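Scroll down for the structure; my scribbles are underneath it.
Labels for the chains are A, B and C, by order of writing; each one numbers its residues from 1.
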Amino acid sequence: MSEGNVQAGTLPPSPEHTSSFKMISSLGAAGAAAGLLIVLVFGVTKEPIERYKAEVLRLAVSEVLNDPARYETLYVTSDGAIEASVPAGTESEAKKIYVGFDADGHATGVAVKDGAAGFQDIITLIYGFDPTSGKLLAMKVLENKETPGLGDAIEKDLAFVSQFEQATPPLAAVKRSTGAPGEIDAITGATISSRAVVRIINESLARLRAPIEAYFSQASAREEALP
Amino acid sequence: MNASHRIVTASPHIKAADDTPTIMWSVVASLAPVVASAVYFFGPSALLVLAASVAGALAPEALLGNRGARSLRDGSAIITGVLLGLTLPPGIPLWMAFLGGAFGIGFGKLVYGGLGQNVFNPALLGRAFLQAAFPVAITTWPAASKNWWALQGDNFAFPLMSPKVPDALSGATPLGLMKFEQTSTPSLDLILGSTSGSLGETSGLIILVCGAYLAARKHLEWRIPASILATVAVFSAILYAIDSAHYPSPVFALFSGGLMLGAVFMATDMVTSPVTHRGCWIFGVGIGLLVVTIRLWGGLSEGVMYAILLMNALVPFINRATQPRTFGALEAESKP
Amino acid sequence: MKETTGQEDLLRGIWRENPVLIQMLGLCPALAVTNNVENSLAMALATLFVLVGSSLLVSLCKRFIPGEIRISVYILIIATFVTVADLTLQAVVPEIHKALGAFIALIVVNCMILGRQEAFASKRPPGRALLDALGTGAGFAIALVMLGAVREILGSGSFLGVSLFGPSYEPWIVMILPPGGFLTLGALLLCLAWWQERQEVKVSG
């Protein structure tokens, strides 16, 4: 065998022309086998993956709503109405909110997941809001790619995170808090990330506060109407 | 024909007594007043930090430099060390200053082949590394102490360990105050240097005088600092005229942060700046525009370091684009 | 082509023709996900799985793959194994899957894997292809763990999550950021080149 025959481009040795049928059929067969395998693995892994995702969400919601007895997923539609479900296919247009209830069935607060650009990339967070008192319950950063050791303190710095408990929106990120309600001390060296967190909550509430408050006043009216 | 490669320009040539060590040592000498002002403002901490960064710069040169002895004696590593030290806050742990110097020389100079081969200014590369590695320590400015002898921070933190957080944080340099709290600092304080900041970030006036001395001795290309400072002044004056509430005044822009130090001592590094006069103007204007852009619209409060490093990367292209034509070559080419 | 023994096939990829350190292949994952040892290991194992699976299958099926469309078929096979690895990691170790992100899916475009199919598995019996894939995958793993170890020790002061220097260690944050990957790889290659040069001097002197 001469050296020339073993170059990459000439192997494996094949007849001058492979028929189109053979090419299509072998690619088709390989594709079908691959598809079958993937569907099989997908079927096996689907359940644990979804269970994990639901668990992560459940933990986050209970954390920012101070351990409600149960919570319900509701949708805020683009025209501001709150619905228990939306027509299939339009979920992406509506905003999901999670309303928490205590053991007696009273609505205690609402958790909202939202995100916007931080210093590096999108920051995603969830916050709990109590429309009755008009105060935040808690804030938890779910995803961030901020600078490790600096900007990512918005997730890990407990002193920063705990400031959101009982804060009155609209919030303001400041360098030195004067004690006014709604003031959040920005993290030293991570002012931009801190401001992004505050901005996400402010903008999210500006959009959702009215429908949420309307829903809660209706809910309490319904409760009073009942014996 | 081989000899023709050596001919740079037409004769006559002047034979000068200047060689690399002479120039380097005169730069070291002209840095002395800047160092002295740093010690005046920040006390013994300033000297310690400078000593650590110089030691850091010399260490890889002594260990790994090909002609170790020579490159030690020509003083270039000492300049790198001093310049790096001047960009650091006085309270930084000494081991960090040492590491920055070692990184700057090791990865910024020796891996390229030593003096004259590097693309980026080694002092700024060391500083960029420290900024990326220890972003908190390098932006911690302890409040000025009443006692001149007192250390400015936890200089003696054990190597690889975090510094203790100082009791009182002044929190911000003039640029930081501007960016995050929209407060300006009085111009006189800025010019004389009685502000919080890195060692060499304080007295713009002294740096200007030292630069003028070097330029007069022709050890410094005056076109570079002139074009940087002019660009910053003009660009900020335009913005200030448009919206004086939002943008700082040109005087503030010129005398705050590390602009003076960068423009006079770092951008003018002979190895990493263009060789042609036209190239120097382009280089300087580019740095000036980048400095203002990063300071005003970037995430960081100071942009001199990245502005110079970015323009360093463009120097080979600037050199090629501004190569003077051989006399008569254009005509010869245009005629068929 | 020189005939090689099975032992050579296995050992070649581990060190002498290490995919990352010598051939400079698969640098994207080697730089992107090696910010700690755990991620490096997970990426290395996922890649090893894909490489072994694809090499074995390509070698078994080589007679049925027409030459004209062989690259398409190799990519199809590789992509299938990557999807399997992706879903499995997501189901079994979701935290690591989250840390590795899109880079698991990007194993498809790791030129090291396609290279082994084209250069080796498509011409050799399955046994040899398996040995070669194991060796190359192990070499890739060694390089990734070396990178991950340096970056985790300096960048977080820990190894496999175990703190090495106590709580007051000041992490070199740059090492767990993307520039740290380039710096570490550069420094590793520098040391390797220096070591090789010394070996050559020894041999010739």
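Everything below uses one rule, namely that a residue touches a chain if its C-beta (ideal position, glycine included) is under 8 Å from a C-beta of that chain, and two chains touch if they have at least 3 such contacts.
Quick caveat, the model's predicted, so the values are computed rather than measured.
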Between the pairs A-C and B-C, the one where more C-beta pairs touch: A-C
Farthest-lying chain, centroid of Cα atoms versus that of chain C: B
Inter-centroid spacing, chain B versus chain A (mean Cα positions, whole Å): 44
CA centroid of chain A to CA centroid of chain C, Å: 32
Computed distance of Cα centres, chain C from chain B, in Å: 40
Where chain B touches two or more other chains, by residue: 135
Overlap residues in chain C, where contacts from two or more other chains coincide: 173, 177
Per-residue overlap in chain A, given as positions that touch at least 2 other chains: 147, 149-150
Interface residues, chain B side, partner chain C - complex: 93, 96, 107, 111, 129, 132-135, 137, 157, 160-163
Parts of chain A lying in touch with chain B, wherever the complex brings them together: 119, 147, 149-150, 175, 188-189, 191-192
Chain A residues touching chain C - in the complex, by the definition given at the top: 6, 8, 11-14, 18, 22-23, 26-27, 30-31, 34, 37-38, 41-42, 44-45, 48-49, 52, 147-150
Footprint of chain A on chain C - complex, ascending: 1, 61-70, 72-73, 76-77, 79-80, 83-84, 87-88, 90-92, 94, 118-119, 122-123, 171, 173, 176-177
Residues of chain B touching chain A in the complex: 135-136, 139, 169, 171, 180-181, 299
